[in-house]
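Some structures to go through are shown next.
One chain, chain A, appears in both complexes that follow, with chain B as partner in the first and chain C in the second.
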Partner chain A sequence: MTTTSTSSNAVEAPAPPARPRGWRALPSPVRHLLLAALGLAVFTGFLLVTGDLTALRMAAVGYTMLSIAGLQLLVGGSGQVSLGHGAFMMIGAYTTALLVIHMPMLPLAADLLLVVLVAVVAGIAVGAATARLHGPYLAGATLILAVGLPGLAHRYHEVLGGSNGLTIRTAGAPPFLQGVVTNSEWKALVVWTTVLLAMALLATVNSGRLGRRLRAIRDDENAAAMAGIPVGRTKVVAFVIASAAGGLAGGLQAYVLGTITPGSFTLALSLTLIAALVLGGISSMWGALWAGLAVVYLEIWASDATRALNLDRDVENNLPVVVFGVLLILILRFWPLGVHGAVQRLTAPLRKKSAPR
Partner chain B sequence: MKKQAGAIALALTLTATACTGAGEVAESDAADLDVSTGVTDDSIIIGTHQPLTGPAAPGYMSISLGARAVFDHVNAQGGVNGRTIDYRVEDDVYDPAQTIDVTRQLVIEDEIFAMMGGLGTPTHSGVLDYLNDEGVPDVFPSSGALAWNNPEEHPLTYGWQTDYTKEAKIQGQYIADNFEGQAVGYLFQNDDVGEDSQAGLDQYLADTVVAREHYESEVTDLSAQLSSLKDAEAEVVVCSCIPAFVALAMLEAASIGYEPQWVLSSIGGDTATLQALLANFTKDTDAEDVPADAFLDGVLITSYMPRVEDQEDEWSQFFNAVWEEYGDGGPLTNTHVFGMTQAVMFSQVLKSAGEDLTRQSLIDALHTQEWQGPSPVPFSSTEDDRGGHQGVYVLRYNAGGEIEMVQDPMVTDREGGPIEATDYEPLPPTELDFHD
Partner chain C sequence: MTTFLNLTLNGLATGAVYAALALSLVIIYQATRLVNFAQPALALVAVYIAYTVSQMTGSYWIGFVAGLLSGLVAGALVERVVIRPIAKSSELNAIIVTLGLLLIVQGGVGMIWGNRQHGFPYAFDYVGRFSPADVFAVASVAVTALLLFGLYQFTPLGLRMRAAAFRPEAARLSGVKVGLMLTAGWAIASLIGALAGMLAGPPFISPNAFDGVFVYGITAAVIGGLDNPFGAVLGGVLIGLGMSYVSGYAGPELATLAALAIVVLVLSVRPDGILSRPAARKV
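The block that comes next holds the complex of A and B.
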């Protein structure tokens, strides 16, 4: 863990003390927002050449990425391991569904803001209760959340719909865009706009004072405390930010899919999220992108492959999980920093050459 | 400045989304139905979503295998109106998120003409609006939820199963008449199955019910429920359960020495599936030597399709012959027959739709179809009532594999209407016009 802090900053570390020029001179929120806008432009272009099905899958990549980015800040940034991240997605998804059902006149933006609010409250409650726990104890405590929360849907069957969950219908593309973009493409755009804005915010937090404090705590809690960092409070703040990201991601999932069942938010989801984060790269927010792609597409590819090979049912049942596991082991063996680490190492010589003197 | 233009565009987008409520869905124009998507001169592509892998697969995989066998048979006879049926089955693992994905795949990539028999309440609910918005006929979803019969909101959806309330009403009346004064217990799945079933049972049994126990499909321990039923001294237990939980309940009851009269719904009444489950669950336990049939002896089952156990029935014989030729070699179960009956009736309505096949002509054919089997129960797919099968009959299963019809088909509505006998007679397979 201790070596990871150098990964993203190593290249820029020997920056001259002279005033930075060009891109670097911009304040970090502006830089991240511009990157987000660029990302959105690229995504819009990508949507134009692909179809409805890809739009739906890319929307899934979007909200999974946001959820994992929140987890990255928590696990990679502050060193707290949460096995209950899926529970916050569930909170977000059910909040959205209930809002859409009971207050259909609220615009989506308001729904999502309320979702973030609810997730923040839940995050404070859980974060405050677990702030003193370390390592496996924190993992255990958050594990309870992932296992227990889906049970609520059964307990409050009338409100939350039991195992059949809730079904909602949300507005698609606005009338003046009808015919230009399909409903799925519109929803994918809404998801990516929200996700990129949220990730710009996360990246700003990560590169700012809070991010530095988190990394200090991760590397040595005692040293951080002696340096005057309020350890407990900072850890709770990290937990709350991660919860908000998870909740927002769940809200977007409900918006895109329209069906919310407790079966989608089991412990398996929480474990998948954290395994995917490790696969994508735990040390950088970019890891979340690879992780999101892996979660959505690995399964589709693996089941297509089994079908093409005409394999046995039992094989088909288990192959996606096996592929994921083998890939995870291989990547960690050769690139301990995940896919992002691999990309960085492969492109490092190129960047060194083109770096301005 | 570029940034300003970007900001304006963003602001516009945000206002556009901000203007309307997220839950306020504008009435979209009805999709154009005068199209023949998926239809060529010699084939028709239809699709379905089914659990082929994952925990729900063992119970339900047979449905699409059965349907495929019938379509293979139909195609071997020359198809329907000169077209063969290309039946595409996509695996959704009974996960609503994946149902949405595979359904888009079927509609966008495979360009299916219609969806036939999409399986499951939570799964199919997620694609109901999508199919209707895209103008894809959504024929015979494999679930007994009440939601499918809603012509105003879902004009292209046509239900299939006898809905849970109708079935439960007939169960309730049968119990009230034949087990007069006996204490009744309910055991049900804690979702729409349980809710809708109780709505029907209570119309006849509200005074004699002594226990209402539910289970969650994630929790396989039924000991608390069964001991409550036993303590309440319920003499008749109505199980509105899927097969795995019927088997679990019977085993649990046997282990505590409780022997009620079991009444099973059609969803959990496939005796071949139950036998396999019981044999599987008793393996390596004290009850290993007890034959599965011993648990099932004397159970009452409500049903609306032909039964494989009935060797006299011509449809049962026909399905056995088709399965012999096009099946996978395993034994034929009532779950296979479920898909086979769907396939026969779908072929039948395709045949009625005529040679100039469009989605509209399929819809018209559904509205005017005079259904005559294979099921011994009347079927409705009219403009105003898409309830599918309208009632059930009651049978008793005896150890050894024999079944005995104890009450002829009855029909009813899902409200408080009366339960009535019917003079409906299905045609035998040789006379039913469902292929060339």
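The block that comes next holds the complex of A and C.
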């Protein structure tokens, strides 16, 4: 490793995207944490030049991205298709709301840790119950989970608030930062810090032994079992990690929005998450970034556009959905690997130039 | 006891609708190995066309026939134009494409007919226990299932369709037009889906009217076994009865959770559904 690095330093690649040769030599947790820190710095700079509204939208992009990244590990990694990911976001959101209401003294970090814990327990329960299922059977079972769970909010409306949901008040920017950042910008920063840390963790897991085992199971379950991989346990672990990411994302959503209703965790949410994952690119965690941006911004752009075109109300209300559907089909038709696949193909010549021979 | 009887009959009637939708999913799964999320969209188009035609002609039954025919055509078109080019790339992509189609059709229906509800009539009188409308639902689904069984088992077309589904290579070598058979499968499935839409539509239709029915249809197909049309019918009846009992005795808001419980229970005992044969695994 070291010998090749010195030799390629001598050759010197001039292209800017060329990373230092030592980069790959770093242990993967360090590498991912550095990337996360870089991402946070870029995001902070981005917030400085944009306004409050963008901050809130980017916060939404953040937690959506985390949720989808968890799904990427599960679906892209182990090949288990879950259509009920929104259910775990709902569990996370309601747990956060209940914690804030009933234990207001806990700091946000403790709330979020507890949320992850609850989501892990839920993930173990669901994952263990569905570990033997494969393909469409798992999809069907998780689908009905996503549809059924909001029913709980109506059933236990004294605790969970029925269809009006729960409303919480969360603290904004700390006093010493008053005037430097607005409350929305502070929330966006908190969300992105949490999201990037969690994603660094996910990426580390994904590039480590567990990720390799997951991909082995995805490609051939029997071969993986013969190679000594505990198939059932590994699948449950993947499910649990995904649900933890989903739960944490839901908790962050509750923190940003302050209102949690069963109506925001419908089947449509779960289906949008998986569709966006495929749209962004299922084979890499970068896909989650494109997916998060697509989920939040496509709808905003489409409704802005229809308002500008002064269309009929029925058309205006339905156009964003149609645009999302058309994009989904077109992208999968022409770029089966999603947006990330297309980006990789476009940048392939650049990377080839900078790669060591 | 009368409550029990009422709930049973109610459950049978709703179960018939779930069974019909499950049947349409199973036919497509058998033919192309994908769960068709666009099924409620195809049913939606059929029902809205039926609505428009019966408004224009003043006859429910002309609209009914028009709805079923448009379901047939829509199914064939979707398979040819949208599914076939993408189904090759990956299984998940094909599923997501049907999802995209669902979004487009639901949005499109909302654009043309509006998001508000339209009144959609029952075929027959619907008042009372096991009303004529309920009898019609159960009977039409039963007849459809029997016709389908006959088609698969006793006609040359059915034989070709089964051959194309189970051994595409061998079928092609024996002169079966495999692609045409897939299209036929989609068309028949969408016809049955359109029937399910006609039965599930009343009293009101709106672009999201079939979301719930569709979820229970998938559930029924999954617990019955995606490979077996009889399983679909059995699953539909099971889900219909289970949800009817739970909502009658414990409260309607628990009905969906009851469906979840049924799925978990059935699949933990038989992971491939009640009526599917365990597949031999090849290494």
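The working rule: the second predicted complex is superposed on the first by the 334 of 357 C-alpha atoms of A that agree within 3 Å, B and C clash if a C-alpha of one lies under 4 Å from a C-alpha of the other, contacts with A are read in each partner's own complex, and residues count from 1 in each chain.
The rule is short, and it goes like this: a contact is a pair of C-beta atoms (placed from the backbone, for glycine too) under 8 Å apart; a residue touches a chain by one contact, two chains touch by 3 or more.
Just so it is clear, the model here is predicted, and its values are computed rather than measured.
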| item | value |
| --- | --- |
| Touching partner for A:152 - first (chain B), second (chain C), both, neither | second |
| Touched partner set for A:278, first chain B, second chain C, both or neither | second |
| Contacts of A:317 with chain B and chain C, given as first, second, both or neither | both |
| Chain B versus chain C as contact partner of A:42, first or second or both or neither | neither |
| Which of chain B and chain C A:261 touches, first, second, both or neither | first |
| Touched partner set for A:309, first chain B, second chain C, both or neither | neither |
| Chain B versus chain C as contact partner of A:164, first or second or both or neither | first |
| Overlap of the chain B and chain C footprints on chain A, listed as residue numbers | 154, 317 |
| Chain B-touching residues of chain A, taken from the complex the two chains share | 34, 37, 51-53, 56-57, 60, 99-101, 103-109, 111, 154, 157, 162-165, 167-172, 174-177, 183-184, 189-190, 193, 255, 257-259, 261, 263-264, 300, 303, 313, 316-317 |
| Residue numbers on chain A that touch chain C, as the complex places them | 75, 81, 129-130, 132-137, 139-141, 143-145, 147-148, 151-152, 154-155, 222-223, 226, 267, 271, 274-275, 278-279, 282, 312, 314-315, 317-322, 324-329, 332-333, 336 |
| Contacting residues of chain B [partner chain A, same complex] | 3, 6, 10, 13-14, 16-26, 28, 52-54, 57, 91, 95-97, 99-101, 104-105, 108-109, 121-122, 125-126, 128-129, 133, 190-192, 216-218 |
| Interface residues, chain C side, partner chain A - complex | 29, 35, 37, 82, 85-86, 89-93, 95-97, 99-104, 106-108, 110-112, 114-115, 207, 211-212, 215, 218-219, 221-222, 226, 251, 253-257, 259-260, 263-264, 267-268, 271-273, 281, 283 |
